[in-house]
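Several structures are given next for inspection.
One chain, subunit A, appears in both complexes that follow, with subunit B as partner in the first and subunit C in the second.
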Partner chain A sequence: MKKLSKKTIITIIICLVVIAAIVVLNRMMPSQEEMIENASEKMEKMIEKDETRSRKRVTVTYNDLFIVSYLSLSSSGANEMRERFVGFMNHTYNADEGKMKVTGQMINYTYRMLGRGQNMMYGAKLTILLTTLTTLIGVFLGTFLALGKISKRKILNKPCSGYIFFFRGTPLLIQLFVIYFTIPKIFGFAWRDLFDASDTESVYKGAFLAALIAFGLNSGAYCAEIIRAAIQSIDKGQYEAAKALGMSYGKTMRKVIIPQSIRRMIPPVCNEFIMILKDASLVFAISLLDITTISKTIMTSEGSYMVFIPALIIYLIITAFFSFIFNKIEERFSIYE
Partner chain B sequence: MDNYEYILETEHVSKNFGDLVVLKDINLKVKKGEVICIIGPSGAGKSTYLRSLNQLEKITSGKIFVRGDLFLHRENDKTVEKLAKEERQKLLLEMGMVFQRFNLFPHLTVLDNIMLAPLQVRQENKEEARKTALELLKMVGLEEKANEYPNKLSGGQQQRVAIARALAMKPEIMLFDEPTSALDPELVGGVLQVMKDLAKQGMTMLVVTHEMGFAKEVADRVIFMADGVIMEEGTPEEVFNNPKNERTKAFLKSILNA
Partner chain C sequence: MKKAVKFLALCLVLALAMSMVVACSKDDKKEETKKEDTKNDTKNEDTKTETKENKTIDISGVKLLNEGVLTVGSEVGYPPFEDFAEDGKTPIGYDMDIISEVADRLGLKVNVINTAWDGIFAGIGENYDVVCSAVTITADRKETMDFSTPYIDNYQAVVLRKDDTRKIESLKDLDGMVISLQKETTSEVLMQDYKGTGTISVEIVANEKVTTCFTQLENKEVDAVVVDSTVADGIVPKNTDKYVIAYVDKSEPEQFGIAMKKGNTELQKAINEALAQMAEEGVIEDTYDYWFKSAE
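Showing the complex of A and B:
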């Protein structure tokens, strides 16, 4: 067992403390019932009556986010009422005005943008899933494109160069439109038909697949350039040494050149990952419900301009998390440099 | 026993880079077990000649024979005749090469560096390859460094590992391309010692070097090259003590005065 560095131990301890605190505070979060008890008598009566009616008059929204929760009660009709509460550490605070109003909104928006209580095609989960899969496809595709572009054989070289030229030379949004709208028109199919028709999510799944293909093809072109640069940065002497030892071109690539270039690829691939993460917000154009789309919807339907602040913070946290992971991977590969 | 007089032979080997003539009509015959040192000013084409033997450079014209077989015959940058691929590969493996800049694989440990080609090219079994590698490391005096990465080694140690790596393919001829030129002076000795040991074991060696002391002591034959031509050739005594060519005299004088 390798000895852990002091820094690692401190990081682990801090993480454990934070997790423990979250668990404890999460336990102390007031439940929906407890929070409803704080509603005004009039509101409580309406909720009571609602229990026996099929058509509800009060909309109850309860969002819990790690350690805090937010309850919103609103009735429509002639005597419209609206009551909101924030719950924290066994206490319920009124959130109809003041600081708690902002806090309540933030919890509400963050909850919705993270996509809790919804499927994988929703909110931050969608963004992370799309970005990760895109990067994997991009690196896989990019490796072959890079090897093709380096190759001296015209039959490999020309198509690969052309591919890279095309996908880097046109806007990603238009590529997405072509794949989502144009291609199905030409070939006479619909993206949602690729999934079970009884599935209510089939529209989103179809759109997700189209986005994944568009992003993957695009990122392949960028990754190809990254990988090509990394491969070509390897000293000529490495090829010569391998050749002098009788190794074929393919073996030289697989055993000598590519393993060395991986280390050099990590920082630019990390950069590419973060670019994709942000480019993924383009899916709002095909109505996929990612962080951007949700915040835009909230802004237009509820007229709240605060919503973009938690959106920024969520993006920032995701970026920070993945930068950390990539740094760790880079350290792993740095032992010989 | 193989039926050949010379293990390595070149006839009329020439090499141009565009208009620049690097090698002009080089004829050389090497007997098995011979140690030949090639000396000369930089830009003389010594390294290019060595590299063209190993196919790292393509010659413009000339013939190369390995173990009596015509390995390659080229005229005017076109291949006239060459062996079938497998045969060529086999003969190519008879030549091990050591580079000025070591060119160890930095992502592999010392042991893996040595084992890579035997495993990948000769398809040796792993245990066997490991045993050979450790023996070779012992020979170059670096057993205890087997599991280190090359960047943890000094230049001299790296070069000794590079020699072991070349030897792992069991070549009959070793080509040394200025093996000590990139080393700090105090590290040169260890590398030269390994090369001397190799010479004693009867390895055929072609050494491009600036180490005149080594050439005097170990070489069976010394070749002086300048401007892509072999100017003078002979035993170390002949070349160092009684140089006939003016260029040789001038070169030796400049080296000794340095």
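Showing the complex of A and C:
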């Protein structure tokens, strides 16, 4: 085993301590039942009544956000009642006003934007999943498109150039609309029907698939240009040397050119990744809720402009994490130069 | 002498003739207005508004962003309340008719600012004086803004595809279905409440535009659309081959009002006075009939 450097050991220790602290605090977090006990008598009566009513009145929201929990009890109608609590370290605090109210709201907003307690097609999970898959599809598709565009054969060159021209020349939002609304209309199918019909979540799965196709096709065109630029930036001497060694075109590409061009394409691909991360908010148009859409929704329904702060932080954490990964990949491929 | 008498006589005859002509025409007009009164309601209003112009509502104490102009914020794209005409720039619709009539009575011009529904209320008092965009009056909203008296009642309607045989007899029959609705509307608040309280289990798909909901319904992505009855009344009759209003929930009615900045009581008073005049004269009812009657 390779000997670990001092820096790595310290990083690992810090990570372990943080994880341990989270686990401990998570265990000490009050449960939903414990927190409901703090509700006022009036509210308790309403909850009790609800059990017999068919049109229920009280909404119980319980958010367990790793180390803190938030409980809100609200009744609808003209005599609206609302009670909020924040739970931390075996204690439940009233969060109806002041600083605790803001804390409670922040927990609730973060919880909703992270999409905890929701399916995969929601909030931060949707953003990360869509962005990662899109980048993978984009790079994969882009490699073939780039090779096609470089190729001197017209049968390969023309369609690939046309594809890139089309997808770079039209807005992503319109492509998304066409794939989600127009194509099913023309061919007479529904995205939802591609999944299990009895599953009510299949509507999101359908929309997600449509979004993934639109984003993937679009990203493929952009990645193709990135990859083409990277391949063509490799010195001509490399081709000549490979040719002198008797390598075929395919082998030259696979063994010599592409490995070298990877290092050059990483920074722009990272750029593209971050672009997709932000463009992912376009899925609002086909009923999917990503971080931006959720924060906007909260802003209008509660009139709170504080919601954008956790949104920014979540985005920064995602970007930081993936930038780190891209940096590591770049370092690894730098050995060729 | 003779000449003078002749002149006098001529004058008298002329005067008599003139007075007769005037009297006649007056009688004619009276008769005409009477006929119109009975026959044509709209004409009646026109004449009434003309007479009302004498006692315009006092707006001396009202503070507006631009003098002489009522700047209105609206999310244009919510037919039949507000939509663009074929030319793509003239906002038309029920709200637009109401607000321009109100402004008319206040002696103001109307300037409609098209804005997104998200954050529409943040611009009150900054980008526009009032918001007239099918805004439901709620206790929550009353805390942050003032409302005029309501100018329309609204219910929740369930819209299905024409070929759908399911029977909806209450909102609870939506149990287990996938429904589409417009984000940040009362429909969403109500359905989220039904879902959040555990009354029914329903999958809610929220969209920015109400038209998207109907396209989703048509494309079979969703089973039903829950929407304001007024909107359903505006859209479904035009597409009877595609959609059908399966159920209208009248148990929890709501009212639309014109929203304005909190504390702008002068403006609120003036608008309320104009709305009261309009209600009294039947203008509101006629406008409603014009935009929604086709549904009945």
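FYI, the second predicted complex is superposed on the first by the 312 of 337 C-alpha atoms of A that agree within 3 Å, B and C clash if a C-alpha of one lies under 4 Å from a C-alpha of the other, contacts with A are read in each partner's own complex, and residues count from 1 in each chain.
Everything below uses one rule, namely that contacts are C-beta pairs under 8 Å (C-beta built on N, C-alpha and C of every residue); 3 or more make two chains touch, one makes a residue touch a chain.
All of these numbers come straight from a predicted model, not from anything done at the bench.
In the superposition on chain A, contact of A:V58 is made with subunit C only, not with subunit B. Once chain A of one complex is fitted onto chain A of the other, the partner contacts of A:K45 are absent, as it touches neither subunit B nor subunit C. Taking subunit A as the reference, the larger set of touched residues comes from C, when subunit B and subunit C are compared. By the document's definition of touching, neither partner reaches A:K99: not subunit B, not subunit C. In the superposed model, A:I335 makes contact with subunit B only, not with subunit C. In the superposed model, A:D235 makes contact with subunit B only, not with subunit C. By the document's definition of touching, of the two partners only subunit B reaches A:K255; subunit C does not. In the superposition on chain A, A:M247 makes contact with subunit B only, not with subunit C.
Applying the stated touch rule to the two superposed structures, the subunit B and subunit C interfaces on subunit A have no residue in common. By the touch criterion given at the top, residues 50, 54-61, 76, 78, 80, 181, 184-185, 190-193, 200-201, 203-204, 206-207, 284-285, 287, 289, 296-297, 299-301, 303 of subunit A touch subunit C in their complex.
Residue ranges on subunit B touching subunit A, taken from their complex, read 54-56, 89, 92-93, 95-97, 99, 101, 103-107, 116-117, 120-121, 149-151, 162, 165-166, 169.
Looking at the complex, you find that subunit C touches subunit A at residues 117-122, 139-140, 144, 172, 176-178, 180, 183-184, 189, 193-194, 196-199, 201-203, 205-208, 212, 215-216, 219-222.
In the complex of the two chains, the subunit A residues touching subunit B come out as 235, 237-238, 240-247, 251, 255-256, 259-260, 263, 335-337.
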